[in-house]
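Next up: the structures, one after another.
Both of the next two complexes hold chain A, though its partner changes from chain B to chain C.
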Partner chain A sequence: MRIEGWLLAATIAFATSAVLAESDVDKGLAIAQEADRRDTGFHDFRAELTMLLRNRQGEESSRVMRSQSIEVDGDGDRTLIVFDEPRDVQGTALLTYSHKSGDDDQWLYLPALKRVKRIASSNKSGPFMGSEFAYEDLASQEIEKYGYRYVRDEEFDNQPAFVIERDPVDENSGYRRQLVWIDKAEYRPLKIEFYDRKDSLLKTLLFKSYRQYLGRYWRAEEMFMENHQTGKSTLLTWKTYEFQVGLSDADFTKNSLKRAK
Partner chain B sequence: MAERFFDRLLSYRWWVIAAVLLAIGVMGAGARLLSFSNDYRMFFSADNPQLQAFETLQNTYTKNDNILFVIAPKDGRVFKASTLATIEWLTKEAWQIPYSIRVDSVTNFQYTSAEGDDLLVRDLVKDAETLDAEQIAAAREVAINEPLLVNRLISPSAHVAGVNVTIQLPGEHLTEVPEASDFARELADEVRQRDPDVDVYLTGMVIMNDAFPKASKQDMQTLYPLMFVLVIVFMGFMLRSVSATITTAAVIVMTIVGTMGLTGWIGLRLSPPTTIVPVIVMTLAVADCVHILIIFLQGMRRGLARIPAMVESLRINLTPVFLTSVTTAIGFMSLNFSDAPPFRDLGNMSAMGVIIAFVLAVTFLPCLMLVLPVRVAQVPADGQVRMAAFAEFVIRRRNLLLWSMAALIIALISQLPRNQLNDVFVEYFDEQIDFRHDTEFAINNLTGIYLIEYSLPAAEGKKISDPEFLRHVEAFADWYRRQADVLHVNAITDIMKRLNKNMHGDDPNWYRLPDANDLSAQYLLLYEFSLPFGLDLNNQINVARDATRLTVTLRTTSTEELLALERRAKEWLQSNTPASMHVDGASSAIMFAHIGHRNIRSMLEGSTVALALISAILVIALRSIRIGLLSIIPNLVPIGMAFGLWGLLVGQVGLALSVVAGVTIGIVVDDTVHFLSKYVRAQREQGLSPEDAVRYAFSTVGTALWVTSAVLVVGFGVLALSTFELNAGMGLLTAITIAIALVADFFFLPPLLMKFGGMRHAH
Partner chain C sequence: MRQALTAGLLVAACLQSAAVAGDWRGEVSAEMRQFFASPVDPVQHDRFLSVSGEIEFHDEWDDGRHSLTVRPFARVDQHDEQRTHADLREAVWIYHNDGLEIRAGVDKVFWGVTEVYHLVDIINQTDLVENPDGEQKLGQPMLKMSRESEFGTFDLYLLPWFRERLFPGAEGRLRTQPRVAEELSSFTSDRGERHVDLAARWSKNLGDWDLGVAHFRGTGRAPRLLPGIDASGLPVLKPRYEIIHQTSIDLQGAVESWLWKFEGLRRSDSLDEFFAATGGFEYTLYGFGEGNSDIGILAEGMWDERGDSATTPFNHDAFVGVRWVANDVDGTELLAGVVADWDNGSRFYNVEASRRIGNDVKVGIQARAWDRVDATDALYPLRRDDYVELKLTKFF
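Showing the complex of A and B:
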C-alpha cells in the first residue's frame, strides 16, 4: 500500500505539473502571437541606423547603415541593408530572405569586387558588423522560430509586463533560451535576456524610446545590447522610420543589391 | 631586571599559559578566512610593466584564458569516423563548461569554399559517423593544409587533435577556476569512457591556475607532517627529554596557528610560495627553543633546581635570541622589495612567525616546561669535549684554514656567472602534477602554450585594411614562421588570403592579399557574416579597426631564447616596417621571462638594505664597529658561495632563487651573532686573548650552533620535496647557504677573528 500510495501521489503531482506547464506554454504562445499580430501588416518600412560599439576599455567605433524591409505572406520578411560607414565598406549591401523554418537566404554585394555573392551558412549567431547583436537578434522574429512558455507577470520600468521564455528551434542558435519582458498595454518587447548554451546570462537587450507609427506600429529608437561575459556593448539607434513607402518585391532582388547605393 | 621579570613570569606560569593559549586562539580564528589564489597573475605586482602591456592587449582584444583538450587516438589516426565523432561530441559538450565563451576544434572549424558565386560556409566535419572514407580523407586534406589549424588544433601528421575552449572568467570569485577545471576534467573522463580508443590530456591557462592550489594542498599534505615528524625525532634525540620535546612541539604548533591565523585576519591570499611558510616558521621556532632548552637542561644536569635553571637560561639567551629574531625578521621583510607579491607575503608572514616564535619561546615555553615533569638523564658531556678538540684544531691550523677557505670562497664565487635566468612557468610544477605531464604531452605532440602576442597598429589615419599594412603583417608572420621554435603564427592575413581565393572561384593563384583597401574591408565584412557564435573579429582586430593582433606560438624555450627571439623580432620590425608597427610583444610567457631579472634587481636592493640594517644592529649590540664590520664577511660570503655552487651544479636561477639572499641573510647572521657575542663577552668580561675567546665561544655555543644549523638545513631541505619547483629550488638553495654558513662560521670566522679581531680596549 505504501509504495502504491507514493506512486499515486507522484503521478498526481506529475500530472498536475504537466497540466500547469501546458497552460504556461499556451499562455506564452498566445502572448507571442498577440505581439506578432499587432506588428503585422505594416507592409514595408525604411530606416537609418547607427551602431555605436564599445569595448571593455571604453574604446568606441561606429557603423552607419540603411535598412528596408517588406513583409511576405506566409514567410519571413525580406530585408535589404546598405552600409554607409565606415567609408571602406560604403555601398556594400546585404539582402536577406528570412524563412519561418530552415536557413535564411543571404546575398552580399561587394562594390570593390562588383559581384553579388550568396552566403550559404547555418551560422545565425555570429556578430552583426562586429557588434554585440547577433544576426539572429536582428532578423525578423517569426513565431515558428521559438517554443514559448509564460513565466510570470512583472513590472518593468513602471510598466506591467509579461515575462515569457522562448527557446530557439534552430540547433545552430547560440542561445539556449531567452527571457522577454513584453508590456501588457501594447505588447512591445521591453527587455530581452539572452542565455547561452550552458544557460548562463550572456547579454541583455533594452528597448528605449518607443514611438508609434501609422497609429499602430511601435518601434524603439534605441536598442542597447550589453554582453555580460565580455564587457562589450552596442547601442543601436534607429532614425527616420518611414512606413508604407511603396516598396515592392522588385526592390529585394539580387539585382536591386547592386543598385542600392 | 630581566631576572626579576622572569621570576614573576614563572610564578604566574598557569596564568601565562592560559593567556598565551587565549591569544593564539584569537589569532588562530583568522585561519578560517584563508583562501588560495588561483591566478598566475598573482606573481606580478599591479605596476609590473609587462603585466600592464599584456592586460592592455587583452582588454583591446578578446581575452584568451583557455582550456585545451588534447585528443590522442591510440592508433595515431584522428581522421576516422569514431575519433571524429568523439571530437564532435566533445566540441558540443564543451560549451557547457562554466564561463566558456567559445569552443574550437577541427570539427567545427568554419570551412569556406566557393561554388560559382556562392560562398559556402560550413563545419569542416558534421555528423562524423555518417561520413564515408572519401569525405573523411577530404576533410583531412583541408585540415592539415589550413594555417589556422595546423600545429594548433591538429598536428601536421593528424595523429593528435585539440579542442580549445576559450574561457572568460568574471574574476569575482575564487571558485570560478576550479568550477571550470573540474567540469573539464569530468568531461575528459566522459570522453575516455565513451571512446576507450583515445587518450585525453588537459592543459591551458585555466588548468594551470587550478594547479596552483592543488600543488599547494599536496605540499601541505606531505611536507607539513614530514617536517613535524623530523622535528620531533630530532628534538627527542638532541634533548633526550620527553617534556622538552612536547614543549617544542607545542610551541611550533602554536606559532603556526598564530602566523596563519594572523595571515587570515590580514586578508592575504595563500599562494604556492606562502604555502611553505609553516615549514619555515616551524624551523625557526625550533632554533629558538633549542637555545633555551639546551642551557636549561645543562643547568639541571649541573644540579640546579628547575626554576633557577630556567631563569639562568632565559638571562643568557634573551639578548641573543631577541637579536637573532629581529635580524631574521629584517631579512624576511627585505622580501617586500620583491616585485612578486607572493614573495612579499612570504616575507611578511615569516617575519610575523619569527616574532611570534620569539614571544612564545620566552614566555610560554619556560612556563610549560615548569609544569611538566622533567627528568634529567645524566649524559656524558662528550659534545662539549668534542667541541673543545675542534676549537684546538681550528686554532692550530688557523693560517691554513684562513687561506684555504679564502681560496674556496673565491673559487666558488667565481662560478656565479654560470647561473642563467630561466623562468619557464610550466616547469614551476613538478612532474607529479598532472598539469605538467599533460602540458608536456601537448607541447610534444600538438601545440605550445608559450605565446608572444602583438597588437600591430596601422599607420596614423589608416585602417588595418590598408594593403601596405597588410603586406607588412604578412611579412612579419612569414619571418616568424621561419624562426626555430615557432610552431604557429596566427595572423589576419591568412584569413584575407583564403577569402580572396574563395571569392575568385577557389583559384589557388588568388591565395594572396587583396590589393585594394576597400576590397579588404569588404572581405572582412563578409567574413564577419560567416562567423559562428562566440567568434568575432575582435579576436584579431580592435574596435576602431586600426590595429590587429598577431599571435606566435612557441615550443618550450628557455627564458633567454624567448627574450632573444622577441628582441630579434623587434629589430626586424624596426628595419622592415613603418614606425607605427615598432611594438613590443606581450604575453604571460614574456611576463615570466622578465620576472627573474626584475626580482633579482629589486631583491639586490632589498638584501643590501637588510644587510646594512643588520650590520648596524650588530655594531650596536656588540658595541664594536670593528667586529660588527668584520661580521659582514661571514654574513655575506655564504650566499655568494651557495650561488656559485648552484651555478656549478644546476646553472639555472629564476624568480624563486632571487629571494634566497633575503631569506638567508637574516638566518645566516644568527650563527654569527651567537658566536660573536660569546667571543666579545669573553674578551670584555674575562679579558681573554683572541685564541682563548675563540675557545670559549666554541665551548659555549658550538653545540647549539651546529644543532640549530642542522635543524635549519633539514627544514629547508624538506622544501626540496615540494611539488612546486619554485619552493623546491628555494628550499634547497637556502639549505645549502645555511650549511655553507656553518662551515664559514666554524672554519673561517675564528681564523679571521684571530687575525683581525683583537679588541683594542681589551687588556
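Showing the complex of A and C:
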C-alpha cells in the first residue's frame, strides 16, 4: 500500500512535469510559428550585402554580394547570391532551393569555367566565404528545421522578449541547440546564441537597426556574429532592400545562375 | 589572327553603340613554368615566362532582360609563338524573359560533371596552348535558344563557324612529338570550317539529381593527327577534322556527403563508331578534424571502347584524388591526385593549389608529373615534361 502510494505520487509528479514540458514545447513552437506567420507573404525581395570579417588580431577582410529570394508555396524559399568581392570570385553565384524537410538543393556557378557544380547537400556547418556565418545560419529558417521549447521571458536591450530554445533536426547541423531572443511586440529575433555539438557556447548573433518594409516585414540592417571560441567576428550589413520587385521562378534556375553577373 | 581583328572591330562597334555605360573589369597574370627534364626535342625550352590579360565589359538594359558581355583575352609567351595568342572569349548579346533565353554572338558553354576528363563537353574548342588540362576554351560563334519548362530545359545551338584547336608551337613544351602543324589541317566536309554545326540538349533537375541528354552533329573538336611534312621538310602531325555525330548523357547527384557523377557518349564519324564513359564520386568530410576545413575524396574511372587507338589518353584509366578546402579568409584550396592507366601502368600526377592575397590578388601553383609512361599511351610525348607553374593574378 505504502509502495503503491509512492508509485502513485511519482506517477503524478512525472505526469505533471511532462505536461509542463509539453506546454513549454507548445509555447516555443507557437512563438516560432507566430514569428514565421508575420514574415510570410512578402513574395520576393532583393538586397545588397557586405560582410566585414575580423580576426582576433583585428585584421579585416570584406565580402560584397547581391542576394535575391522568392517564396515557394508549401516549400522553403529559393535564393540566388552573386558575389562581387573579393575580386577573384566576382561573378560566382550560389543557387539554393531550401526545403521544409530534407536537405536543401544547392548549385554553385563558376564563371571562369562557365560551369554549374552541384554542392553536396550535407554541407551545413561550413563557414560561408570564410566568415563566421555558417551556411545553415544564412539558410531559409523554416519552422520544420528545428524542435522548439519556451525557456523564459527576459528583457533584452530594453525590449520585453521571449527566450526560446531550438534544436536542429538535421544531424549534420554544427549545433546542439540555439537560444533565440524574440521581442514580444513584433516577434523579431534580437539575439541568437549558438551552442556547438559539445554544448559549449560557440557564437552569438546580434540583430541591429530593424527597419520595416511594406508596412509589415521587419529586416535587421546589421547582423553581428561573434565567435567566442576563436575571437573572430563578422559584421553582415544589408543594404537597399527591395520587396516585391516582380521576381518569378524563372529567375531562380540554372540558366539564371549562368546569366548572373 | 585576321578573325580576331574582325571580331575586335565588331566589338568596338558594339561598345560604341552601348554608349559605354556598363561595368568594366579585368585581370592580368604573370606566370612562370619550370620544366625539370631536358626536352625530347632540343628546340624546346626549359623555362617559360608569360603574361596574360583579359578585360570584360558588361551592360544590361530593359530591367536586365537584355545584356551584352564582351571579353577579349591575350597572352604573350617568352618562347612559344603559338602560345602568344589573342582570342575573343565572349562577345554575346543575351535576351531572356520568363523562361526563354536567346544568346547570339561568341560565347562559352560547358557541359559535364566530372573532375578530370570532360568527355561530353563539345560546344567550344579547347585552347590547348593555355593549359594541358583542356579546361581553357576558345570563344565559339553561336546562336542559342533555350526554353525552360516543367518538362525540363531545352537548348538548341546553331554553330556557324568552326574554331580549330590551338596546339603548342615547336619551341613549346607539353606538345606532341613531332609538333602539330595547324597550317596543314584538313576537313572531311567540303565546307571546312564554315560547316554549320547543330546541337540540342535537354536537362532537368530531379530532386537530388541533375540529368542532361544531348546530341551534336558537326565538326568534331578533337582532330585525328596524321603524320606529314611541313614546308621546311620537317616531320609534323596534320590535324584532320571529321564530321561527327555524338549523343551524350550526363548525370550528377548530391546525396548527403556524396556527389555522384557520370558522363557517357556514343560518337561516330566516317571511320569509327564507339562508346565512352567516365564517372565516379566525391565524398566530403565537412569540418574535418573539428576545424573549418573540408576534405574531399575523389575517385573517377574513364573508359573508351577504342582502347589503345583512342584519341584521348583517358581510355582505360582511373583517378584518385583529394581536395582540401580551408574555408579560411584567403580561400585556400588544394587538389592533388593521380590518374593511372590500368592497362599499361602509365601515371599522371597533378597538384594544384591557390589562395588569395588581400582582396584582389591571387596566387596559384600547379605541379604536374608523368611517370612510367608506356610508349603506347597518348601521354608518351609528355614523358619528359614534368613541370611546376607559378601564377600571380591581379584583378581590377
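Just so it is clear, the second predicted complex is superposed on the first by the 255 of 261 C-alpha atoms of A that agree within 3 Å, B and C clash if a C-alpha of one lies under 4 Å from a C-alpha of the other, contacts with A are read in each partner's own complex, and residues count from 1 in each chain.
Criterion: contacts are C-beta pairs under 8 Å (C-beta built on N, C-alpha and C of every residue); 3 or more make two chains touch, one makes a residue touch a chain.
On a predicted model such as this, the values are computed, not experimentally measured, just so you know.
Engineer: After aligning the two structures on chain A, examine chain B and chain C and state clash or fit.
Structural biologist: clash
Engineer: I'd like to know which partner A:S200 touches here: chain B for first, chain C for second, both or neither.
Structural biologist: Only chain B is touched by A:S200; chain C is not.
Engineer: Kindly classify A:D170 by the partners it touches after superposition: chain B alone (first), chain C alone (second), both, or neither?
Structural biologist: neither
Engineer: Examine A:S248 and indicate which partner it touches, taking first as chain B and second as chain C; both and neither are also allowed.
Structural biologist: In the superposition, A:S248 contacts chain C only.
Engineer: Let me test your reading of the model: by the given contact rule, A:R259 touches which partner, first (chain B), second (chain C), both or neither?
Structural biologist: A:R259: touches chain C, not chain B.
Engineer: Look at A:K114 in the shared chain and tell me whether it touches chain B only, chain C only, both, or neither; answer first, second, both or neither.
Structural biologist: The second partner, chain C, only.
Engineer: If we overlay the two complexes on their shared chain A, which of chain B and chain C does A:S61 touch? Say first, second, both or neither.
Structural biologist: both
Engineer: Which of the two partners, first being chain B and second being chain C, lies in contact with A:T92: first, second, both, or neither?
Structural biologist: First partner only.
Engineer: Check the residue A:E221 against both partner chains and state whether it touches chain B (first), chain C (second), both, or neither.
Structural biologist: A:E221 sits against neither chain B nor chain C.
Engineer: Spot which of chain B and chain C makes contact with more residues of chain A, would you?
Structural biologist: After superposing on chain A, more of chain A is contacted by B.
Engineer: Contact-wise, after the overlay, does A:E142 reach chain B, chain C, both or neither (first, second, both, neither)?
Structural biologist: neither
Engineer: Taking 79-87, 187-195, 475-483 or 493-501 from chain B, which overlaps chain C after aligning chain A?
Structural biologist: So the stretch of chain B colliding with chain C after superposition is 493-501.
Engineer: Identify the residues of chain A that lie in both the chain B contact region and the chain C contact region.
Structural biologist: Looking at chain A, the two contact sets intersect at 53, 55, 61, 86, 88-89, 106, 113, 115, 118-123, 125-127, 130, 172, 174.
Engineer: Mind pulling up the chain A residues that touch chain B in the complex?
Structural biologist: 53-57, 59-61, 83, 86, 88-89, 92, 94, 106, 108, 110-113, 115-123, 125-130, 134-135, 172-174, 196-198, 200, 229-230, 232
Engineer: Which part of chain C faces chain A closely enough to touch in the complex?
Structural biologist: Going through chain C, the ones touching chain A are 23, 25, 27, 58, 60, 67, 69, 94, 96, 98-99, 101, 108-110, 112-113, 135, 146, 148, 153, 203, 205, 207-208, 210, 252-259, 282, 284, 286-287, 292, 294, 327-331, 356, 359-360, 362, 393, 395-396.
Engineer: Over in the complex, which chain A residues touch chain C? Could you list them?
Structural biologist: 53, 55, 61-62, 85-90, 103, 105-106, 113-115, 118-127, 130, 172, 174, 248, 250, 253-256, 259, 261
Engineer: So in the complex, the part of chain B that touches chain A is made up of which residues?
Structural biologist: Residue positions touching the partner: 56, 59-60, 62-63, 95-101, 110, 117-122, 168, 170, 463, 465, 503, 514, 516-523, 525-526, 528-538, 541-545.
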